[in-house]
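Here subunit A shows up in two complexes: once beside subunit B, once beside subunit C.
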Partner chain A sequence: MHAFTVIRTYLRLGLLNFVQYRADFFLGVVNAAIQFAIQLLAISIVFNQTDSLKGWSRADLIVLVGVHAIVSGILGTVFSPSIGAFLESIRLGTFDFLLTKPVDAQLLASVQSVAPQSLTSLLAGIVIIVYGLQTGSGFPGFGSVVIFVGLLIAGLMMVYSFMMVLASLAFWFVKLDNIMNIFNTMFGNAGTWPITIFPGWLRVTLTFIIPIAFAVTIPAQALIGSLTLANALLTAALAVLFVAASRWFWLFAVKHYTGASA
Partner chain B sequence: MSAESPDVTKPSPRALLDLYRGEMSVMLAWNLQYRGAVFLWVLGAVMQPLVLIVVWQAVADGRDTGMTAGEYAAYFMVSMIVSHMTFIWHMWEFEWRIRSGYFSPLLLRPVHPIHADVCQSLAYKLVGLAGIIPAAILMAVIFRADFGNASWQSVMAFLPALLLAMALRFIVEWCLALAAFWMTKVASLNQLFDAFFLFLGGQFAPISVMPDWIQTLSFVLPFRWSIYFPIQVALGNITGADLWIGFGMQIAWIALAVAVLQLMWKRAVANYSAVGA
Partner chain C sequence: MSSASIISVKNLGKTYTVPEREAGVKAAVVSLFHRTMREIHAVRDVSFEIAPGEIVGFLGPNGAGKTTTLKMLSGLLHPTSGEASVLGFTPWERDRAYLAQMTLIMGQRNQLQWDIPVIDSYQLFKAIFRISDDDYKRRLDELIEWLDLQELINKPARNLSLGERMKCEIAGSLLHQPKVLFLDEPTIGLDVSMQRKIREFVAEYNARTGAAVMLTSHYMADIEALCQRVIVIHHGTLLYDGDLPGLVSRFSPHKTIAVEFSEPVTTISDKYGELVSTTESRWEIRVPKARTAVVASALLADLPIDDLTISEPPIEEVIEHVFATGDGA
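Moving on, here comes the complex of A and B:
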């Protein structure tokens, strides 16, 4: 498909760009290491006081932190830098150039900029998950891993759609660069804890954390063996709904783009 | 030149007061204009204490950690206010200031650039309080905060503790910001510093529930005195001699940080070569 060729080309260009700045890779490794030290220290402080956080053991939480690292690694590699560039192009008016290209504008806005140093977070996430499973309930079967990957993709699509809806607001508000900071703060704070510890009314109030829950908590449950069939089906259904809604909102929002000079 | 010509490198207290008045009114107007952006930052500042209340109330549920669920809510609510009032972002901005050459015009001004930064951060904090205070009240009501030992005396003691904490964190982080004169990428350093505030400052959990080694280490470092100390003073958990020890530690750290700042500033400016120069 043509769209896949476009995505592949952009990813390859990003990688080539990145190879020129190798020092950034080592800084990425250092940043990721600090991040995980913080998260593991936080878990160990909490489990100094208790041995179960609403049914989640220490090993379960380590798996969750690993899943969070994978999700934030993928977001940080493609979606966050691309959406950042998209927001900037709305403000500067250079989004005109993107609109005139013969490929779908949402696709280009979502993959136009790549930051491969975030892949360190993804790799570290896999290591952390393996460590967490090893100290905990042991490794899941092949079937569970397949379900995990499927749910992870569904969760990612949900978070991506949510970010896209937030970013599309820029067509009206123009200067919206720190809305992604807010999303990152929410994702960084709420995403490293199981959503099940939040009281029900809070989950509803903070709609921000709903896609976070489905992207992190549910896939983690598939690995530690506490997933219910209802949750798995709900995740798949919501992913389709989120993607459709964000596509509709994008098409609606683009009509409101006035350009910087036009 | 006449003998009366003022020495612009050492402004008189009066001139400095005028400068602060002018800068403050400009910065307040600026922050009020961008109140949408300030509101979004405040929303971000609410998130961490909110999540931590949920986590620690889940830990305290049916288990003795030395603090009740209500006390955790009160702790993180005050922690949110203290973190907002002491937070500065200049160490994230310095890298850009230096790389883009924006620092050169700041250096050409006849006053030290730190004064403008003080006003900038004070104005942001004051405007942000319009969001932080309602959020704090909501948080206290929703999570049933228990202000057991707080009294009007503890609130009175909180004010100087908070002001000293603001001064301390500002000077320490401004020193850190100066590192950008020698390093081109400072994000890792800043992230590490944030982690110190999280664990050694008491933002992640009350230091009393943390492991012993953190409790000991935090006592001699500045982080505890800019976050944990004012929180516990407000909640009435630090009184008598401990209160005076805390004020003493705050003042000692401020004095040390000012000395380091002056030393670093001299070297930094000597080391600075502007982009394009």
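Moving on, here comes the complex of A and C:
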């Protein structure tokens, strides 16, 4: 399919240009290492006081940190840099070039920039998960891993859709860089804890408004064996809903852009 | 809508509603809550037809509606009124089949990826426009040769000079061999020789592929060199559509009469018209167009004339006059 050819070309170029990012890559590795050290340290501080955090054991939380790292790695490799480039293009007016291409503009806006250094986070995430599972409940069966991957994709689609909705607001407000900062702060900090430990109102916000729970907590539950069927189905259904809603909003925003702006 | 046209525009209009506020902090705060809106008629009732293979200069001062019109024709803006057809498509429906056959080049904005070599950006265009390997290779070789890009395409765009980058932009925008080109000030900010190079290339592309070109530029040299026909808009309204000499004769209210004397003339008289320059042997007089013949024969009768020439003012002057007076008439 044509869309895949376009995506593949962007990804290939990003990786081919790896050399351009070499220094950045090593800084990325250092940054990721510091981040994980702090997260793991926080977990061990908590578990010096207690054996269980709302039903999550120390090993479970390590798995969760790993899942979070995978999700941020994927977001940071393609979606975050592309959406950043999209916001920039709205401000500079170069978004017009995307709109005059015979490919879906949302697709181009979503994959137009690749930051391979974020892949370190993805790799670290896998290592952390393996370590967490080893020290905890042991490795899940093949079926659970498949479900985990499925839920991870669904969660990613939700987070991506949410980011696109935020970014689409730029069609009206032009300069919106801080909205992504708010999202990154929420996701970066709240996302490394199981959603169940937060007070009710915050849980609702983080789950349904900013779909962190679905991107991190629920996939992690699939690995540590605490996933309920209801949550799995809810995730799948909400993924479809989020993608559809963000698509609708995107089309509405582009229509506004071509209808009213200069 | 004639079938011979590649671009057909009928009564096209675009009105923007923009917030209006006065200067100052107080007004800014007020405008956060209550905004006064004002309508701006960027384009009004513009109609024209362009045939395949034509290069048409699109002239007007800043804010005349040129870019708005080009944006409507390239599908970026919906008009408020009127219709347009390009290659048989309604541009703002943004049919992929249409977008695959046109290109928009903006001299003030670039689309090459900043950090990666130019050739890699071309790879993206190849994927986006589904250009086959053979076509891509052949066209790229041609463009490299025409525009002399060999040394440039392996460098990241950020390492190129303005002119080099523009050449690379243009080549990239033509890889899919569009049939319609919208060029919005493609030579802006470039030095004279680079301007000429780009101009020659546009002419060459037009001659080889028969593509239609609509070009805006503030450099009359671009227009004079490339365009057999110009369309002038001002305050969003179409003022003139025709060839360049016709524009001059229609809009210039004056002609210049230069006379050379066979013997020195020392008594200077301004009864003939406005004296632009006078020496003992030569006068230049600016006269209203309608009086040209009368003044010329009076000069011939009164003075010892050796040679008399009547000329139109330079094109820049005419354009400036048109834009300054607004209606141009």
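As a working rule, the second predicted complex is superposed on the first by the 250 of 262 C-alpha atoms of A that agree within 3 Å, B and C clash if a C-alpha of one lies under 4 Å from a C-alpha of the other, contacts with A are read in each partner's own complex, and residues count from 1 in each chain.
In this section, a residue touches a chain if its C-beta (ideal position, glycine included) is under 8 Å from a C-beta of that chain, and two chains touch if they have at least 3 such contacts.
Computed from a prediction, not measured in an experiment: that's the story for all the values here.
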*Simultaneous placement of subunit C and subunit B on subunit A, clash or fit*: fit
*Please work out whether A:Val204 is in contact with subunit B alone, subunit C alone, both, or neither, and reply first, second, both or neither.*
neither
*More subunit A residues in contact [subunit B versus subunit C]*: B
*Once both complexes are placed on the shared chain, angle at subunit A toward subunit B and subunit C, C-alpha, multiple of 10 degrees*: 90
_A:Gln49 in the overlay: touching subunit B, subunit C, both, or neither? Say first, second, both or neither._
first
*Would you sort A:Val149 into first (subunit B), second (subunit C), both or neither based on which partner it touches?*
neither
*Based on the superposed arrangement, let me know which partner A:Gln35 touches: subunit B (first), subunit C (second), both, or neither?*
first
*In whole Å, how close do subunit B and subunit C get at the C-alpha level once superposed?*
8
*Enumerate the residues of subunit A that count as touching subunit B in its complex and touching subunit C in the other.*
none
*asked:* Help me check something: in the complex, which residues belonging to subunit C touch subunit A?
replied: 16-17, 42, 68, 71, 74-78, 92, 94, 96-97, 99-100, 102-104, 106, 109-111, 115-116, 120, 123-124, 126-130, 156
*Where on subunit A is subunit C touching in the complex?*
2, 5-6, 8-10, 13, 16-17, 20, 92-94, 96-97, 99-103, 108, 258-262
_Considering only the defined contacts, which subunit B positions touch subunit A in the complex?_
36-37, 40-41, 43-44, 47-48, 51, 54-55, 58-59, 61, 63, 65, 185, 187-188, 191-192, 195, 198-199, 204-205, 209-211
*Which part of subunit A faces subunit B closely enough to touch in the complex?*
23-24, 27, 30-31, 34-35, 37-38, 41-42, 45-46, 48-50, 53-54, 173, 175, 178-179, 181-182, 185-186, 189-190, 193, 197-199, 202
